[in-house]
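The letters A, B, C, D and E name the chains in turn, as written, and every chain counts its residues from 1.
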Amino acid sequence: MKASAVAYRLLQLVPVLLGVSVIVFLMMWLTPGDPVEVMLAGQQATAEQAASLRHDMGLDQPPLQRFAVFLGNALTGNFGLSFFHRRPVADVIAERLPATIELTLAALVIALLIAIPLGVVAAVKRGSLFDRLATVGSLFGVSLPGFWFGILLLIPFSVNLKLLPVSGRSSLSCEVAPITHLLVLDSLLRGQLACAGEALRFLTLPAITLALPTAAVLMRVMRASMLEVLRSDYVAFAEAKGLSPRRVLLRHALKNALAPTVTVAAIETGSLLGGNMVVETVFGWPGLGRLVVESIFVRNYPLVQAAVLLYAVTYVLLNFAADILYTRLNPKVEL
Amino acid sequence: KDLTVGFTLDALNLDPANHRVRQTETILRNMYDGVLTRDSQMKVVPELAESWTQVDPTTWEFKIRKDVLFHDGTKMTGEDIKFTFDRLTRDGAMDGQTSPRKDLVGPVKEIVLVDPYTVRFVLKEPWPILPAMLPFQEVVSKAFVEKVGTAGLATQVNGTGPFKLVEWRKGDSIIMERFDKYYGGSPAIPPVGKACVDRVIFKMIPENASRTAALLAGEVDIAAELPASDMKRIEASQNAKVMKVNGTRTFFVALNTTKKPFDDPRVRKAANHALDKKLVIDRVLLGTAVPLNGVMSPDAFGYNPDLPEYKYDPAQAKKLLADAGYPNGIDVTLDVEGPFKEIAEAVGSLLTKANIRTTVTVGEGSTIRAKWAPKGEKKGDMYFTSWGNGSLDPADIFVPTLRTGDRGNSAFYSNPEVDKLLDAANTELDQAKRAAMYKSAQAMVNADAPWIFLWLPQDIYGVSKRLSGWQPSADSKINLHDACVN
Amino acid sequence: MIETAPETLLSIKELRTCFPTRAGLVTAVDGVSLDVRAGECLGVVGESGSGKSVTFSSVIGLVRRPGYIAGGSVTFRGRELTALSPAELRAVRGREIAMTMQDALTALNPALTIEEQIVEVLLAHAVDLPRAGRKAEARRRAVDMLRLVGIASPETRIGDYPHQFSGGMRQRIMIAIALACRPMLLIADEPTTALDVTIQAQVLELIADLRRQLGMSVVLITHDLGVVAEYADRLAVMYAGQVVETGPTRAVLDSPRHPYTRGLLGSIPRLSDLDAPIRPIEGQAPELVSAGEGCRFASRCPMAVGACYARIDLVDVGPGRAARCIRALETAA
Amino acid sequence: MSAIPASPALRAAGPASPGRLGLQTFLANRMSLASAVIVLLILAAAVAAPLVAPHDPNETDLLRRLQPPAWLEGGEWSYLFGCDALGRDILSRIVFGARVSIFIGVAVVALATAIGIALGLAAGYLRGWTDIAISRVVDVLLGFPYLIFAIALMAMMGPGLQNIVLALVYKEWVIPCRVVRGETLAMRQTEFVEAARAVGATRGRIMFGEILPNILSPVIVVATIRMAHVIILEASLSFLGLGVQPPTASWGSMVADGRAFILDAWWVSTFPGLAILVLVLAINVASQGLRDAFDPKIND
Amino acid sequence: MTPAATAPSAAPLLDVRGLGMRFSVKGGPFDRLLGRPRREVAAVDGVDLSVAAGETLGLIGESGCGKSTLARAILRLHEPTVGKVTFDGTDVTALGRDELTALRRRMQIVFQDPYASLNPRKSVEQIIALPLRVHGLAKGRAARDRVVETMEAVGLRSAWLSRYPHQFSGGQRQRIGIARALVLNPDFVVCDEPVSALDVSVQAQIIDLLAKLKRELGLTYLFISHDLAVIGHVSDRLAVMYLGSVVETGPTRAVLARPRHPYTQALLSAVPRVEGGGAARIRLAGDLPSPLDPPSGCRFHTRCPLAMPRCKTERPVLRPLGDGTSAACHLTETA
C-alpha cells in the first residue's frame, strides 16, 4: 500500500470530522437546557455561584467563539474539561474507552465466529434443513431488541443459575496491571489465567447480546457472497483442476467470499460501537456509550463533542482498515 | 472481609471540593471525614472537630482533634482545615477554578487559624445554618494537595476517613480498604474505632433490576436506591432484608401560579383535594413514603406538624373548581422527567378522574428544568418535581423553592409575607425564633397551596442478612464505618 | 453409427444431462454421442445454449447443481467415468483430462497469485515430484509452463495476480494451468471468444503448437466455424442439445449434410467472397424445456417434412460422417 | 419476414412485467407469505385498535397494579396478558402500541426513502460536485453513531411522535441514499440509459423514468429491512427515556417501563418485547422473501 | 493534415475533423489537492472521418481501441475534448442543449448489447415510443400507430407491444433496439457492434435486416465491428482504428484486397476462414498497449513486424495513396 493512498484516506477524514464537529456543536448549541442548572438542580446555590461555574465552563462566551476554541483545542488533542467530572475530557474518555473497545471487539469476534462458519455451511448446503434453520436463526437475530433480550438472558444465567455475573466488568478478586487496558487480554498477557476467566465471565452476556444481531447480518452477507462465489467460473475451474473440495472451499471460495463480509463487518462494527449504550446500560458495563448518553442529558457538551469525534474517527479508520483488508482479499482492488 | 455496595452512579471526581453530586459525596464520605457530621438521628455532631462555639453572630470557632492522621500517615492540623475551606470558598483557589461547592459553605469572609488546632470561620453576615452545612464538606491534606494539585486530587485520595482508596475502576467500582490508623470517628456515634470490614467496594449497577438481582445473587451486600416494587421479593429471600429510612427529598407538583387556571388559589386547593395521595403511596410506592402538607420533612428543623391537611375529597374539589369558574373541570398538562414518569402518570390519572384532566408530558431533565426555571417562559401548568434537603434545614429547601424568584421556585410563587419571614429567618441566630418563623411561613404556604403537596419518600435499601451494625441514614449517605460482615 | 477407431481416447455415448428449472426440466444435453481419438483435435460448434459446455462439464463430472447426468456413459481410456467415486474422478480431472473455461477473465481466482494457482494443481496430483523440495520443484515447473505458453519473464510475473495480466495472457495462463500435469486430453471451451482476432490467432496457434509438442488430444469448443476449419481434424455440430452432424472437418464444411450445418455456413460472411449474399436461417432455436422427440430443427428447416417430427437418430452419411437428418443423403449430391 | 414461433415460456407467461414475475415468486414462498399475512394482521389490529382492544389502553386502576396474566394465579381472563404498574391492560396497550411502532416504522422509512432516492439519484447520475457534496454529507452522518444522533436530536427538539420520526429520518435517509447512489452508478453506464440520452431525454426523465424503476426492487428490500430496524430503534429510544408521550403506549416504552419489574412481574415487559420480536421478524422474513423474489443474483 | 478520404459526393453528411476524447481516470478534487497527476486516457486521438449520405462507413479495430468512444463523441453522448463534428452542415460540437435535442431526431444509435440496451422494466411499446414522447411527436393512438409501423418494419409482431425485453431472444431484442433508433426517421444511424453479441445465424438475420432498412429508408450508417468479414460485407468504405487513431481508410474492397498498413495486414491474416487458405498468418507479438500509457511515435510500433527506428519517434499521419485509400504508416511513403 502506498503512502499516498494512506495520506489520501487520512485527508478524507478532514471534511468528515469537520462536518461531524459542526453538527454536534450545532445540536448542542440549539438544545435547550443549561449544564449549570442541571449541575445545581435541587441544591443550594447563588446566582453568583452559577455565574462563576458558567465562566469556568466557558459558557459565557459567544457560541461561535466557543466553536472556534473547541476546534482549535481539538487539533491539539485537548478537549477541555468535562463539565460534570471537572476533569479533562480526554481523561474521562480514556477511562471508559477500553471497556467499550473490549466489549465491541468481543462482540465482533463472537459475531464472526458465528457468522463465517454458519454462512459458509449454509451456502454450501443451500436449501438443506441446516440452511433453513440458519436463515431463520439469522432472522431472529436481527429481530431481537437488544435491551429486552439482554434482560431476558440475565434472569436464567445470572439470577437463577448464578453462572454469570449480573453487572459490571471486573472481578474484585482480580487486580491486573494494565497493558492494553483490555482486561481479558491483559490477564492473559500477565499470565493470570484465573482472572482472564473471570473477565470472560463478565464479558459473556453483554458481548453475546451485542453480537447476535451483527452475527445475523454477517451470516446473511457471508452466505450470499459465498453462494455467488460458488457459482463463479474460478471455483468451477478450481474443481476442474481436480483439487480437493476442502481446498476449493477454503482457499478459493472462502477468501473471495470474505471480502464483502469484511466491508459489512466494518460498517457493523461502527454501529456496534455507537449502539452499545443500551447493552452497557442493561449490564452495567462501564463503557463510553452510557457516558455519552448521560452526558447528552446533562448537557456535558465537551464530552459529547469529543466522544462523537472519536466515534467518527474510529468509524472512518475502521472502514479504512476494512479497505486495506479488502485489498488483501481482493488484490484487484486498489486503495 | 469485604463489603460490597450496589450503587447507582460512579463518583465523577474524587476531589471533595470539585463536584456537586450526592452520590459522589456518599462515596467520598467513607474516605474523607468532615469537621462535623450527623448521627443517625440527623443531629449535627463533631467529627474532626472536638467542639464548636459561636463567638459572635458572624464568627464560629472550632477546636480540632489532635489525634487525626491522613492516610499517608501525616498529622492533620488546623492548617489543613483552613486550607480546605480556603480552597472551597476563594475564587480561583483550585488551580484557577472556583469550587462548585462554594455556596454550600455560606458567606465566608475568611478562615482564621487561631492556633494549630483552633480554626475560626469569619462570615460576612450571620448564617445560622453553618453547622448544618459543614457535614457536606470533607477535609483534605494541604501538603498532599499542594503536591498533586487539583488535577491529582481528582483521582487520588488522602483523607482522614475510615477507608483508604485502593483502586478506582472507573465506571465499574471503587475499592477501598480499612485505614488501620483511623482515629475512630465521632465519639457521638458509637462504636468508636477503626472500621469493622477489611474492604469496602462500591460497585456501580445503574439498572434497578440488576442491582436487586445482584443482591439476591449475593454479589452485593447493600443495594442502594431499591425500587419499592422489589421489596416483596427481597423480603421473601432468605439472605436479604429491606431497610428503610425517611429520606430528605420532598416531592410536590408545582402549580404555575402566574397563569390560568392555577393563578386562582381555589383551583390549586381543588387540585390538592382531588388527589388520593394515600392510594398512590399505598399502591405505587407500597407505603414507602410519608404524606406531606407542606415543604418540610418531619425530621427537619422548623417542621410544622400542625399544618391543615388537604383531605382527599373529590366533591370539595369539584365545588372549588366550580367556584373558580370551571364547572366542567380543566384541561392541564403535567410535566415530569423520565425517571418519575410512572408515578406522575398515576397522579395524572387520579387528577383526571376528578375533572382535572391531566396530560402527562415526559421531558428530558435539562429541557424541563429550563422550562420551569423562574426566569423561563412560565408556560407550563403543572410540574412534578422534588427538592432535596440534605441539611434538613429550611434554608436549603424552603428558600430556593418558594422565595420570590429564587432558583427552584417553579411554581413562580410570590408572597411578600413569606419572603419577609424567610429573609429574617436566614440571619436569625435564635434558633427557637427561627423555627417559629419557618413554621408560620409553612402555614402561609399551605394556605396558598402553590403546590400539590405530595410526600417524602423513604430511601429503601436491600441489605444482606450477613451485615450488621449498619443503619441507613436519612441524608442518603452510606456510612460504612460501623458496618460488619459476619 | 460412427465406427469406433481403436485409438479412441474418450467415448461419450447417449449422454443426457438435465437441469430442473422453474420453467420445467431442461435437458441441456440430450443423447449426445461423440468420440475423441488420441492425438486429434475435435471441434465442437453450435449456437449459444446448444449444450457444448454442459456436454464436456458432464464428461469430467462437473455439472452444476441442481443439474445431474440423467443417462449415458463416458469412457475414458476404457474407464467408465460416470461410475467413479468423487475422489477417483478428481484424480482424473486436471491430471488426465484438463479443461479451460469459457471466460478466461473470470476463471482465474482473482485473490490468488498465478503461482499458487499453477502450483496447486501440480501438488494436488503429485505428478512425479520429488519428495524433498516438492514445492520448489513444482514452482520450477510452473515457471517452465508459463514460459511454454509465451509469458515473458515468467520468474517474476508468476507472483502477480490475474488482474495484472491482459485478456490474452490470462487465456494463456489458463492453458498453462490446464496443461501443467501434461494431460492426455485438453477440453478448451471457447478459448478465444472474449479475445480480439489478433490475440485469438496467438492463442489458437499456441494450442496447436502444444498439441503437437505434447501429443495430446484437444476438444475445441467454439461457435466460430472459421476457427474449426483451421484447427480441428474432425468436427461435431450441435443444435439444441444434440449432435446433428459429425465428420472430418473439411468434408463437413465442403458438403454439409444437415440443413442446420448448411444454414450455418450460409450465414457466415466470407472475406474471400464479398459478393456472396448472406443467407440467414430464419427463426430461432427451440426452448429445451419442451423439446420433443422429433428433429429440433424442423420448425426452421426449409426441407422439413412430416416424418421429421418423429424420432431421428444419427445416420451414417459417408466415411466417418454422420448426420441426424432423414433427408441427409438426399442432399449429398 | 422471420416466422418466429412463440416459445412455450412466452405463451405461458403472457405479457408479464418483471415486477409481476417477482410478485409471483414471492407469493410462491410460503414462509414469506405467512409473514406478510402476520404483518397485515398486526396492521389491521392497529388500525382497528379501538374495536380489537378489550379495554381502554390508558384506563388506570391502581388496584390492578401488576396483575398477572390470566393463566397465572391472580389473573383474570378479561386481562389476558395482565396489567402494568398502573393497572392498565397490557393486551390493549400492545394493540394500541402497534399503531405507534408501525406508524414510526412506515413514516420514517417512507420519508427517508423518498429523500434517499432523490439525493441518491442526483449523486449517482449527475456525479461531479453534486455527488461530492452529497457523499460527504452521507459520510459525516455515517460517522455519527445512530443512537447518539437521535438522542441528541430528541434532546434538541423535545419529545413527541413527530420529533421521533424526524430525529430518525435525519440519519436514516443515508442508507437508501447509498443504495440508490450505488445502483445508479451502475445504471448510468448501461446502454439503455445511454439510449435514452441518445434520443434526447432530459436528465430528470432519465433519472426518474429510466433508472428509478430499475433500482426500485433493491430499494424496497432495503426499506423493509430498515423498517424492522427503525422499529427497534424507536423502542431503544423509548428504552432510554426518549420515546412517545404517555399515556400513549409504545412497545419500546412498555418494555422499558416493565423492566423495573422484571423479577416480579415478568409479563409487563415480556409481552411487548415479544410483540416487537414478532412484528420485526415478520417484516424481516417478508423482506427476505422479497429479496429472493426480486434479486436475480441470489435467486436461481 | 491532408483530407482523410475522398468522399464520394462533394459535401459529406457527416464530417469529423481532429476529434479527440480524453477521459481522466482518478482525478477528483482530492487528487488534485494532493497534487496527484491527472491520469488520462486518450481514447480517441485526432480522428478524421467523413461519411457521405447513403453510404455505410465500416469502422474496425480491436477491443478498447476507441470505436465506441468515437461513436459516442460524434453523437455527443460524450463531450469530445477537441475537434469538430459537422452533420449536414451544422457544427454538432457547437450546439446548445435544445438544438442538440432537435438534432437527435436525425442521428441515432443501435447498441452492441441487446440485453443491456433495453430497459428491463419497460414494455416494448414504452421503449420504442420513448423517442416520440421525448420529442413530443406523437401521443396516444398516433404514437402507437407509429410504434407498430416501426416494429413491423424491423420484423417484430405488433402483438408483442406489451411484452417486456426478457421475453425476447437476443436477435429479437436487437430488432427492438433498431426499431427504437428508427422510430424518429433518422438520416444517420450509428451501429455500434450491433451483431457481435449474437450467434452467427442470428447475426446474419440482423445484417440482412439492416441492409434492407438502408435500402428502403435511404439511411446512412456508421457501422462498427471487430469482425472484418462482417465489415467487409456491409460497408462501402472502411476505417481501421488502432489505439485511438485511424490507421487506414478507403473503399472496402480496395483495402481488403490490398491492405497497406501492417496492422490491417495482420488483422486480415488473423481472420480464420471457413474456406481455408487465405494469407499466411502474420503473428503479432504482445497485446494491445494500454491507452493510459500509449507508445511513442507510431502507436503500432511495439507490435509491428516491420517497425523501423523512425517509427519509435515519429508519428505517421494518414496520407492518401491513390485508389481512394489512405494509411498512416512510414512504410507507405517509401513505397
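Observations, loosely collected:
One rule holds in what follows: contacts are C-beta pairs under 8 Å (C-beta built on N, C-alpha and C of every residue); 3 or more make two chains touch, one makes a residue touch a chain.
Because the structure is a prediction, the values reported are computed rather than measured.
For chain E, the chain whose average C-alpha position is most distant is B. Set side by side, B-D and A-D show the greater C-beta contact count at A-D. Taking the mean of the C-alpha atoms as each chain's centre, chain A and chain D sit 24 Å apart. A separation of 48 Å divides the Cα centre of chain D from that of chain E. Averaged C-alpha coordinates put the centre of chain C at 33 Å from the centre of chain E. With centres taken as mean Cα positions, chain E sits 53 Å from chain A.
Counting partners per residue, chain B has 207, 209, 213, 216, 364, 366-367 as the residues that reach two or more other chains.
Touching two or more other chains at once are residues 2, 4, 9, 155, 158, 259, 262-263 of chain D.
In chain E, the positions touching at least two other chains are 169, 172, 205.
Of all the residues in chain E, the ones that touch chain D in their complex are 28-29, 72, 75, 77, 100-102, 104-105, 108-109, 111-113, 116-123, 130-131, 134-135, 155, 162-164, 166-167, 169, 172, 177, 180, 184, 205.
Within the complex, the chain A residues that touch chain D are 12, 15-17, 19-20, 23-24, 27-28, 30-33, 135, 139-140, 142-149, 151-152, 155, 159, 224, 227-228, 267, 270-271, 273-275, 277-278, 281, 289, 292-293, 296-297, 304, 307-308, 311-313, 315-316. Every residue of chain E that touches chain C in the complex is listed here, in rising order: 62-63, 169, 171-172, 199-205, 207-208, 226-230, 232-233, 252-253, 256, 266-278, 281, 283-284, 287-288. Interface residues of chain D facing chain E in the complex, by the touch rule stated above, are 1-2, 4, 9-10, 13, 15-19, 132, 190-192, 194-202, 205, 210, 213-214. Chain A meets chain C in the complex at residues 231-234, 236-245, 247, 251-252, 255-256, 259, 329-332.
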